[in-house]
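These notes open a run of structures that come right after.
Next come two complexes built around chain A: one with chain B, the other with chain C.
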Partner chain A sequence: MTSGTLTPPRKERAAPDAPRPARRSRRKPFLAPYLFVAPFYVVFAAFGLYPLVFALQLSFTDWKGAGEANFIGLENYTYLLTSEEFWSSLGNSAVMWLLIVPLQIVGGLAAAVLLANAKLRLRGMFRVAFIAPFVTPLVAMAQVWIVAFDTDYGLVNHLFNSVGLPDVDWLQSTVWAKPTLALLFLWKTTGFAIIILLAGLQAVPGDVYEAAALDGASRKRQFWSLTLPLVRRSIAFLVVVQTLAVFQMFAEPFVVTQGGPYGSTTTGGLYLYNHILASDLGTGAANSFLLVLLVFALSLLSVRLLRSRDE
Partner chain B sequence: MSRSFVPRRSVLRGALGAGALAAAAGPLAACAPGSSGSEPRKLTGTPSASAKGEITIWNRSGDLFKVFDAAIDAFRKAYPDIKVNHQAVDIDAKLANTLISGTDLPDGSFWDDAKIGGQAEHLYDLTDLIAPYRDRTSAYKLSVNTVGGRIYGVPWDLDPGLLWYREDLLEDAGVDPAGLKTYDDLLAAARSLREKNPAARPLHMEKDPLLGQLWLEMLAGQQGTSLADADGQVRLDSKEYRNVLNWVRDAVDDDLVTHAEYLKQADLAALENGQQALVPWAVWWSFAPQQLLKKGKGKWRAAPLPAWTPGGARSGAMGGSSFIIPAKAKNPELAWLLYEFLCFKEPGYSAVYGPSEVYPGGLTTSVPSYGPARRPDKPLFEPVAALGGQDLWKVAVDAADTIPSAAPIPAWWAKSVDYLGNNLQRLIEGKMSPDDVIDDSTKKIQRNLVDRA
Partner chain C sequence: MTSLMTSRTEKPGRSLSQPRPGPLQYLVLGLLALVFVYPIWWAVSSSLKPPTDIVRDPLSFSLGSATLDNYRAMFDDVPIGTGFVNTVLVVAVKGAMTMFFCPLAGYAFAKYRFPGKNLLFGVLMLTLMLPTLVLVIPLLLEMSQLGWVNTYQALILPGSIDAFSIFWMRQTIAAVPDELLDAGRVDGASEFGIFARIVMPVIRPGIAALGVLTAMNIYNDFVWPVVAVNDESHQTLQVVLSTLAQNVTGNRVGADFATVWGELLAAGSIAMLPVLALFVLLQRHFINGILAGSVKG
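And then the complex of A and B:
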């Protein structure tokens, strides 16, 4: 396409009696798309891009929420990267990840296989039971957790005592607080994992299993050689999504342990919040960008692993 | 398929660029941090008694709100042309943000002493207005409301530390409460109680890190020091803090300690069954025998705290609150009139501390910070039946008079609980030594809070 074919000669364009309909028809397709997409970009700029740019700007300042903001370069980043607490919060998140994600994938897949079986009795009831925690407000569940796992008066220790086991400091010991919170997270979100895995399982065509059965493959063999490879995209999706959720985990430790005892349940999300709460907005912003980078890297790794298996 | 006149990627790129430019150039420049800082203002003029207008006042919800509501009624009678909108608000959650944003501000608010220093730039400087009352107000309360030599809060309550003890158990163990003059005497009394009852762990040590640190500050304040000096520098590494921490370690090593959260079930159970018999705590612990204890009701008494050195101060402050007037308040002068009435005028402080519908015997959980309101011969609240009819007023005001002055509480104080409060817990659990607590807390508070303040 050359400019000659698109642009009329200057003389012709300047002529007062130039045919108007022709000019209108050229402008319309040029402006209309922009007008139609403009609302999205305006909203995106106001609520997506502007906060992002603002937060990035903040991360290079010492702003406390009031008064002057001084540009301090990379100081917030170097402070965090040399801070024992920052690494400890990431360590806590990593331990939580190990306690949650593998267990959730294995347990969620087992439950999804069970629920996919049309012969299962009370299938509807089980589905409701699995999904109910996912739609229940987290704060209500967290309060139940606090009462149930109270050292002195909690139901769990009462049950332990009834079989001769001693009290456990579930929420007040550095050893047990993380598993107790991980259990709450599992209770809350495993329903979501089951939905994703169930959708993956139901997308597998039935004739694949029929063919395998005709070839003499056992149920166990079918699971390992057909089911698992065919739902691996769903599994990879869950790994990415739950990695994001675990590293941003905030409400569970905030309500149940306030990050304690001794910071042992201060996750990346809660540590970031603590900076904001202390009006240390510059450090909070820098912390959020470091978390974004970390989660982005972990997500990229998961996607790459999936792609390499596809290839 | 028709070709797009402009490639989609270019549209996206252009729009993103335009959005970024629009976002960065306009609003960002206008709303950039630091572009709208607020300057603290000085409140000097006192309006006349015939002043008119309307003010909005924030208070904590709960019993105290009802007490103040009744006291504000007395103010309305004294100043009939001033309308007071008294609101119960979650001050801890709302006030700091409201002060920073400058919108929907009250004309005055109740606030913890520990939080005032950090927000001084958003508050009225009340130095000139408080000047006439200064000499008769607790030096401790003035010091915690002072930042850079100026006063930013109207001192309200003073929370002296006392030694709470079970009279019956001490008597059984042959311990004379009047003889508990030093902290070594207190340890000896705890040992005597345990000899009488091997299951006893007589001394309360706090398990909640924030309250634990507040308690530690009371014991340090009794010796005339505090976590930060007047310049906001950490002074934890001192003889006074070592005294306290070594004493805590000795009590723990001798197995004399009940480590429980303040008035939670485990604590209440230990108080009721006689396991705990000695609680060094603020005057507000009086709430426990009055409202929570059943078996122990009537058996608890209050005495002055032991001294750290013979003849030393017998009390320190544990907490406390004041009233602030936001620098952007609409009617600051009228708010001052109210607070002056409640804190410095006889009908005002009597209405707060005297008998009310909520507390028929008077408010017994603190004493006024204003000296003339604290006369031992003119009690504002009555002897407490739940303390066997003891005259708590006299014990508390005598203790209040001995509290040494302190330094302003730095803005980072509450955050230091993550270090000092937690390490104190580790000490009580036997996982840290006093030197470890001092070294580790000092290092972390300095790096994470002071250097970044």
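And then the complex of A and C:
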């Protein structure tokens, strides 16, 4: 028990110890744990903290990547907050969010409920099929989208024509470009949502349902009163993660549409990247902080909303 | 913890109260599965077609007309081999760093009590919430200050030891019984020896899941590589691919149109192949890794 006094003297050992201390944590502090965690903090200080502080500083200057950097106070922030482009990038992201998140949660939950049935055959096969898109590289699939959704020669319009529907300007129209990219995002990440929800569903003990069934609760009632509250944590997690992802969305519009047509797919993430391309780094830094603030606020809000329900 | 999660996915909780799924359920799941898999199949099969066929009849596929022309053209047009080599190098080194340093730090947080631990852990958890987006610009500038633009260290070092993996490993290692570690101590093992010879072997399934998921993330990573690297000799596979895609959308008309599409699909297919093959072989580890992500919520 009293490891300190009973420790037999050992030479040059960084970790002398009693033969059987009752609890690891009673041991005297040594250098070892600090050495073990140090690499992370070194890497974080160099490639996380330093750039973060630098970015904050940068966001108050008019630096263009070369020459003098002048302190201009909040000018970058006020410029962005009054610029149409900034708001339109957020608006584009918001529309994407609406197209993606509700559909993904509802569809993912439906698929997960079907998959959670213990008597389902081929579950492993279905699961593999649903997650396969999640593991494919986004850039590769973005390329496939370019080809498949081409107006004149693409697969999708070919299918449309064969059932008598007219061509749709998927990637060249301001109306359809966003849904087409949202579809790519949905296709890519819904498998992830299904797996998370499935795990949430299967963590629900079976006897809870049996008790409910005995009490005469209908299947519908069981879903609304038992299943849904119990997977709320998984849903909350998904909403937060996907909100972060949608507002930072970058590779999809970057590869498929370059933000067009007429800026209709310039998402928050891509607009930020455009500042880098234009070497407008001060504004870019301010933009990233505004975007991060917004994403944080949205995450907090969604967690709050999902928590307040029947709790 | 990893084994716990496995059992959670493999062994459904409720059985008695559930009806046997009918044909409708199978139909819905089957159609959904088709929607998810079809684009992959379409991309790979189309990449084997003569370019003009991709344009003329995007649905058809017959083995008789299969050709590797698109792949040949792609290899001639973009440095995809270089991209592969660079990606493998980055995955290997960065992945190895994650798989060594993150469990090591996780071990310290799980099994030691030391002054400042709570503060250090708090900092770790805060960094979890730091979006990559805010770091891109200053990190790029830092790279140019260091003269690291277009270097492997720029691709590898940022994010090589990440907070999430440490947190995950801490949870995993917390489940290792203290008695096991004490036994090692009795046998005279050093603190590092206990980590390397007892902890690491015991948490092997967790390490495997970490490795698979990390490798996938690094292989598919795009935002940072596209910013940090602009010369061909250091581009990763995903950056090479995006360059090809931009050539197409920038120049959509002309006789080469169909040819470039063929190249595009060939490039996409060849990039998907390794990670899909790995996924089919190691799907349990993939799923455990994905699930570990939701535990933090």
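Keep this in mind: the second predicted complex is superposed on the first by the 265 of 311 C-alpha atoms of A that agree within 3 Å, B and C clash if a C-alpha of one lies under 4 Å from a C-alpha of the other, contacts with A are read in each partner's own complex, and residues count from 1 in each chain.
The rule is simple: a residue touches a chain if its C-beta (ideal position, glycine included) is under 8 Å from a C-beta of that chain, and two chains touch if they have at least 3 such contacts.
What you are looking at is a predicted structure, and each value in this text was computed from that prediction instead of being measured.
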In the superposed model, which partner reaches more residues of chain A, chain B or chain C? C
Just chain B (first), just chain C (second), both, or neither: which does A:Q248 touch? second
Check whether A:Y209 is in contact with chain B, with chain C, with both or with neither, and answer first, second, both or neither. second
Considering only touches as defined above, state whether A:V292 meets chain B (first), chain C (second), both or neither. second
Go through the superposed model and pick first if A:Y34 touches only chain B, second if only chain C, both, or neither. both
I'd like to know which partner A:M96 touches here: chain B for first, chain C for second, both or neither. neither
Does the superposition put A:V139 against chain B (first), chain C (second), both, or neither? second
Mind working out whether A:L58 is in touch with chain B, chain C, both or neither, as first, second, both or neither? both
So, A:A177: does it touch chain B (first), chain C (second), both, or neither? neither
Would you sort A:L270 into first (chain B), second (chain C), both or neither based on which partner it touches? neither
Of all the chain A residues, which ones make contact with chain B and with chain C? 29-30, 33-34, 37, 41, 44, 46, 50, 54, 58, 65, 153, 281
Can you list the chain A residues touching chain B in their complex? 29-30, 33-34, 37, 41, 44-46, 49-50, 53-54, 57-58, 61-63, 65-70, 79, 83, 85, 151-153, 172, 260-263, 274, 278-281, 283
Please give the residue numbers of chain C that touch chain A in the complex, ascending. 5, 8-9, 11-21, 25, 28-29, 32-37, 39-40, 42-43, 46, 54-59, 101-102, 104-105, 107-109, 111-115, 117, 120, 123-124, 127, 129-142, 157-161, 163, 166, 178, 181-182, 185-186, 190-192, 195, 216, 219-220, 222-223, 226-227, 237-238, 241-242, 244-246, 248-249, 258, 261, 264-265, 267-269, 271-272, 275-276, 278-280, 283, 286-287, 290-291, 293-294, 297
Inside the complex, what are the residues of chain B that reach chain A? 4-6, 11, 15-16, 18-20, 22-24, 27-28, 31-34, 37-38, 96, 100, 121-122, 207, 209, 265-266, 269, 412, 415, 418, 422, 425-426, 448, 452
Mind pulling up the chain A residues that touch chain C in the complex? 13-15, 17, 19-21, 23-27, 29-30, 32-34, 36-37, 39-41, 43-44, 46-48, 50-52, 54-55, 58, 65, 111, 114-120, 125-144, 146-148, 153-155, 158-159, 187, 190-192, 195-196, 198-200, 202-210, 212-213, 233-234, 236-237, 240-241, 244, 248, 250-251, 254-258, 269, 272-273, 275-276, 281, 284-285, 288-289, 291-292, 295-296
